[in-house]
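Next, two complexes with chain A in common: one pairs it with chain B, the other with chain C.
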Partner chain A sequence: MTDATITLSGLRKRYGATDAVAGLSLSIGPGVTGLLGPNGAGKTTLMRMLATVLAPTEGQLRLLGLDPADPEQRTDIRRRLGYMPQEPGLHRHFTAFEFVDYVAILKEMTDTRARHQEVRRVLRDVGLDDVTGRRIRKLSGGMRRRIALAQALLGDPHLLVFDEPTASLDPEQRMRFRELASSLGQERIVLVSTHQTEDVAALCQRVIVMRDGDAVFDGTPAQLCAVARDRVWVADSRDVRARLWWRTAEGRHRHVGEPPPDAQLVEPTIEDGYLLLAGPTATDERAAA
Partner chain B sequence: MSPNPEAMIRTAIAPTPVPAATSPVAPAPRAALRWALARVEGRRLIAHPLFVLGMAVSILFTVVGGSDGGGGLMALSGGIFLFVGAGLWTFVVACLATSRERRDGAEDFYLGQPMAPRLRIEAALLSTAWPALAGTALIAVAAITIAGPDLTLDSGDHHRPLRPLELAQGPVYLMFVGCLGVFVGSWTKRAYPALLGAVILFMPPVAWLPWFVYGDDVSRDVWDRDWLAGAAVGWHVVGIAGLAALAAAGAMARHDRRPRVALIALAALAAAVAGISLGWPAGM
Partner chain C sequence: MSWHVQSDLLERYARGEADGPTAYSVETHLPSCSECRGEVAAHADHARLTQIWDGIEERLDAPRRGPVEGGLVRLGVPEHVARLLGATHALRLSWLLACAVVLAFAVLAASRHEEGVVMFLIIAPLLPLAGIAAAYGPDVDPAYEVGLAAPMRSFGLLLVRALAVLATTTAMATVAALALPGLHWGAAAWLLPSLGLTLASLALAARMSTTAACGVLALAWVLTVVTAWRVSEDPLLVAGPAGQIVCGLLAVVAALVLVHDTDRFEQRGGLA
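This part shows the complex of A and B:
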């Protein structure tokens, strides 16, 4: 019997003198967990280690109770894993059906009839059942992304690792992804690495914010939102004391940071909380501290 | 952790371990996996436009070369697959198919799959049987068309029956160049080695090396030479098969460093050397 969790203990991945992941310790169970962070925060490196394609430099990693360092256990993990990399490298000359069918063989599905049924199922689940015969090179970026998503769903895996799954999806498809991922997350471990804070707010029961290879926040989306409580305000003109600001569609200026005493505070969003923790000025402040 | 107190927030989310489902896919036997992938790869090889083009050229060579007895013998013995025939394109498409993973930047994606890389290489090698089968079909049809149902070539007063080993040379040659394509493709990341290899391997004079039994005098005295007698042709087939196995071992070595690969390579080398030296035409 294996347990359906992921545990990381002092996990580190070093490239030369740089720690892409710097001693991360976490435990992740069933449900949808979002991974937020700026570019270079170590999200993709972490996702690659969780997908068993990259070995950690130090620390312990257990996936579904199994040790990916052991070749046999690693193969067993891969049998239960659905992985959608950031750059899946789709073969452009394949049709959508051919590609997913090809991946199904790599996932050890040898019975042709059952495999084809499964391929049709996952293509239907991602809304591609009407383009199964079209070559990938002729499909839009969003459709290609959905093919990458479809292959990850093959075989009903217990652990799903999605790296930037909603990039280049239109709003309707993003809603569909949320529906799919939330449904999968009822019984499975679903990890979603993304830059889309609204996806995290709408979908994830838990969010981890990464910065410089470490987790700087681990909690619920509401708690991430609360990080910015009383630290977001609007004004008619720009306040130079704010850490971040932008001009809204109404022509007012929205600020994030330490508000002045007479500030008109507004309800924060998850994005405000994220920006406070991992936004462009967070590094400077951390360095200064 | 971060010295910024606001950047150290951790809440009390403790995942509850629950029993994992059993593996969603029961592991299939390795042979079944290998053949399942080989079938798909093999079908892709023979449906590739470049291979279809090569077969069309080989058919053209058959029509042109089969007009007289000597040319017919050369064509049916595999000559139709030489130069810009199906052999060249089998090499190219096998090379492109095997290097596809790295050319498309899909290494991560493939690594995350349970099927081991060495099984994928073995499947790619097996898939070269599909072009070889297509070549066999072409040779069979051409033999009946050129030599008739009794498989006897006629040229004036000469009557010469075709031997099975002579007809086997072409398909074995296709298998060899297919394995060579897999070998090159398994070690390279880009497409140009396929093109470069094609020029080096298939453009004369180098291209003729595996086919030394067909000297440039073949059309002149093919009826009188004894180097197409059974033993020589048989050794020639052994030599080509040995080269195919050697290329296969080279491809397998990409992901499989077990001693059995070295043994295959040694056996293949022995077969290639023996086949080529014993099949060498008398007097050449």
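This part shows the complex of A and C:
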């Protein structure tokens, strides 16, 4: 029986004197889990460790009940893993079909006919069935992103690790990705690292906010939204007491922080909660989380 | 439409049992008769239809192989191995052309000057090293990270690509060696260094990046040949028996280390 969980215990990745991931302990089961955090928070380092391409400096990691430090078990994990890196390099002289076919061979699919069927299936799933024969160098950024997504779906993996999958996708493609990831997450572990709080709101049952290599929030999107309850207000002019503020399309000023007594409070969004926890002035907010 | 195909004939057609002229006649009728099309659909064997459709898709969508990939398949290389090699920069036509140009200059140098043959002996073993450096690693393989997360062993991929690079560069250097002036046994003296350096690069790749391993060996090779020449005043010392024995020993030791360190390569495999 497969252990359908990921367990991290004191997981650390150190580069010189800096901890990119600083002793993280988590357990993740089936469903879509979102990973939010600013640049340099350690998301990609964590995703790489979960995709078995980067070894931790310290701590324990179990993926699907297996130990990635053991070569045999690591290979078993990789047989059930789909990984889309943050910057998926593609062989640009290949066609979309050829590249996904190439990755399918790396995934030990040697029977030509069955492999080609699988390649067609995943390209269809990401909406690229009409450009299979086109060279990658002639495809748009969004299409290339979807090729990277397609290769991760090969072999119907149990563990899917997507690092910023919606970057450079247009709204329709993002919606399609959400549908796909959501259906995959019904039975599999799907991890999505993203900067897009809307993706998290629309897609994830669970969200983890990272800052400085550590998890500063772990809960549902609704709970993340609730972090900013009674701490978001709008005003006609900028309030210098706010932790963060920005001008809205209507010309008013939206503020996040400790509101003044006469503030016009508004419903918070996930983005407000995220900014309080991991935004540029969030250092003191960790304790509140 | 005033007439319809008989039911038993439609059934035979749907099963693929109608003879050619009959099947043609039915197919001429079907586009204009929805009733008969409906009846054919009821008799159709869906497993057979799926199989036929898969076959059509396979023919239409199967990618056309590039010149290198196609050539490898014609030489008997399995189709999936040829695709792995098709992703190797050092096996692309542009790279092979560059190697040919380098070898042509080396042959030209040898024909102009008596000591020019040393140039050829230095360069020929460097070609597989350069090819291997460009065949695998985070700096040269755009899909390196995707490949790392796949179950195929990294060392297996490196080995397949390195062997292909060695085979192609050896074939090209052999042709070039035949064009050297005053052909003699010394024209084959690059073979053992080539093999030794290739195996040594693979053995070192368990300890450092493939690019670094090839760079270190290339530098060591050039310094060794030039130093031996300056010290002994014999430009072809490396091509002599002593030099060949050393290169042969290097190949044997590197092969042994390689076999011993396969797991080490896999352990090391990963991003820094």
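Here, the second predicted complex is superposed on the first by the 282 of 289 C-alpha atoms of A that agree within 3 Å, B and C clash if a C-alpha of one lies under 4 Å from a C-alpha of the other, contacts with A are read in each partner's own complex, and residues count from 1 in each chain.
We adopt the following convention: a contact is a pair of C-beta atoms (placed from the backbone, for glycine too) under 8 Å apart; a residue touches a chain by one contact, two chains touch by 3 or more.
In this text the structure is predicted, and so the values were computed from the model without any measurement.
**Q** Looking at the combined model built on chain A, do chain B and chain C fit side by side or clash?
**A** These partners clash in the superposed model.
**Q** Going by the contact rule set out at the top, does A:I28 touch chain B (first), chain C (second), both, or neither?
**A** first
**Q** Once the shared chain is lined up, is A:T132 touching chain B (first), chain C (second), both, or neither of them?
**A** second
**Q** With both complexes overlaid on chain A, does A:P88 touch chain B (first), chain C (second), both or neither?
**A** So A:P88 meets both chain B and chain C here.
**Q** By the touch definition at the top of the document, which applies to A:T220: first (chain B), second (chain C), both, or neither?
**A** So A:T220 only meets chain B here.
**Q** On the A-aligned overlay, A:T5 touches which partner chain: chain B = first, chain C = second, or both, or neither?
**A** first
**Q** Name the chain, either chain B or chain C, that contacts more residues of chain A.
**A** B
**Q** Report for A:R174: first if it touches chain B alone, second if chain C alone, otherwise both or neither.
**A** It touches nothing on chain B or chain C.
**Q** Applying the touch criterion given at the start, work out whether A:F97 contacts chain B, chain C, both or neither, answering first, second, both or neither.
**A** The answer is second: A:F97 touches chain C but not chain B.
**Q** Contact-wise, after the overlay, does A:R62 reach chain B, chain C, both or neither (first, second, both, neither)?
**A** After superposing on A, A:R62 lies clear of both chain B and chain C.
**Q** For A:R120, select first, second, both or neither according to whether it touches chain B, chain C, the two together, or no partner.
**A** Once the two structures are laid over each other on A, A:R120 reaches chain C alone.
**Q** Is there a shared patch on chain A that both chain B and chain C touch, and which residues make it up?
**A** 48, 51-53, 75-76, 78-79, 81, 83, 85, 87-92, 101-103, 105-108, 110, 112
**Q** Help me check something: in the complex, which residues belonging to chain C touch chain A?
**A** Against chain A, the touching part of chain C is residues 54, 57-58, 61-63, 66, 78-80, 83-84, 86-87, 92, 141-153, 157, 263, 266-267, 270-271.
**Q** Touching residues of chain A toward chain B in the complex: what are they?
**A** Within the complex, chain A contacts chain B at residues 1-5, 27-31, 48, 51-53, 64-65, 75-76, 78-81, 83, 85, 87-92, 101-103, 105-110, 112, 155-158, 187, 206, 211, 214-220, 223, 227, 276-277, 282, 285-286, 289.
**Q** What does chain A use to touch chain C in their complex?
**A** Spelled out, the residues of chain A in touch with chain C are 48, 51-55, 71, 75-76, 78-79, 81, 83, 85, 87-95, 97-99, 101-103, 105-108, 110, 112-113, 115-117, 120, 132-133, 148, 151.
**Q** Within their complex, state which residues of chain B touch chain A.
**A** Within the complex, chain B contacts chain A at residues 1-4, 6-11, 13-21, 23-25, 27-28, 32-33, 36-37, 40, 100-101, 104-116, 120.
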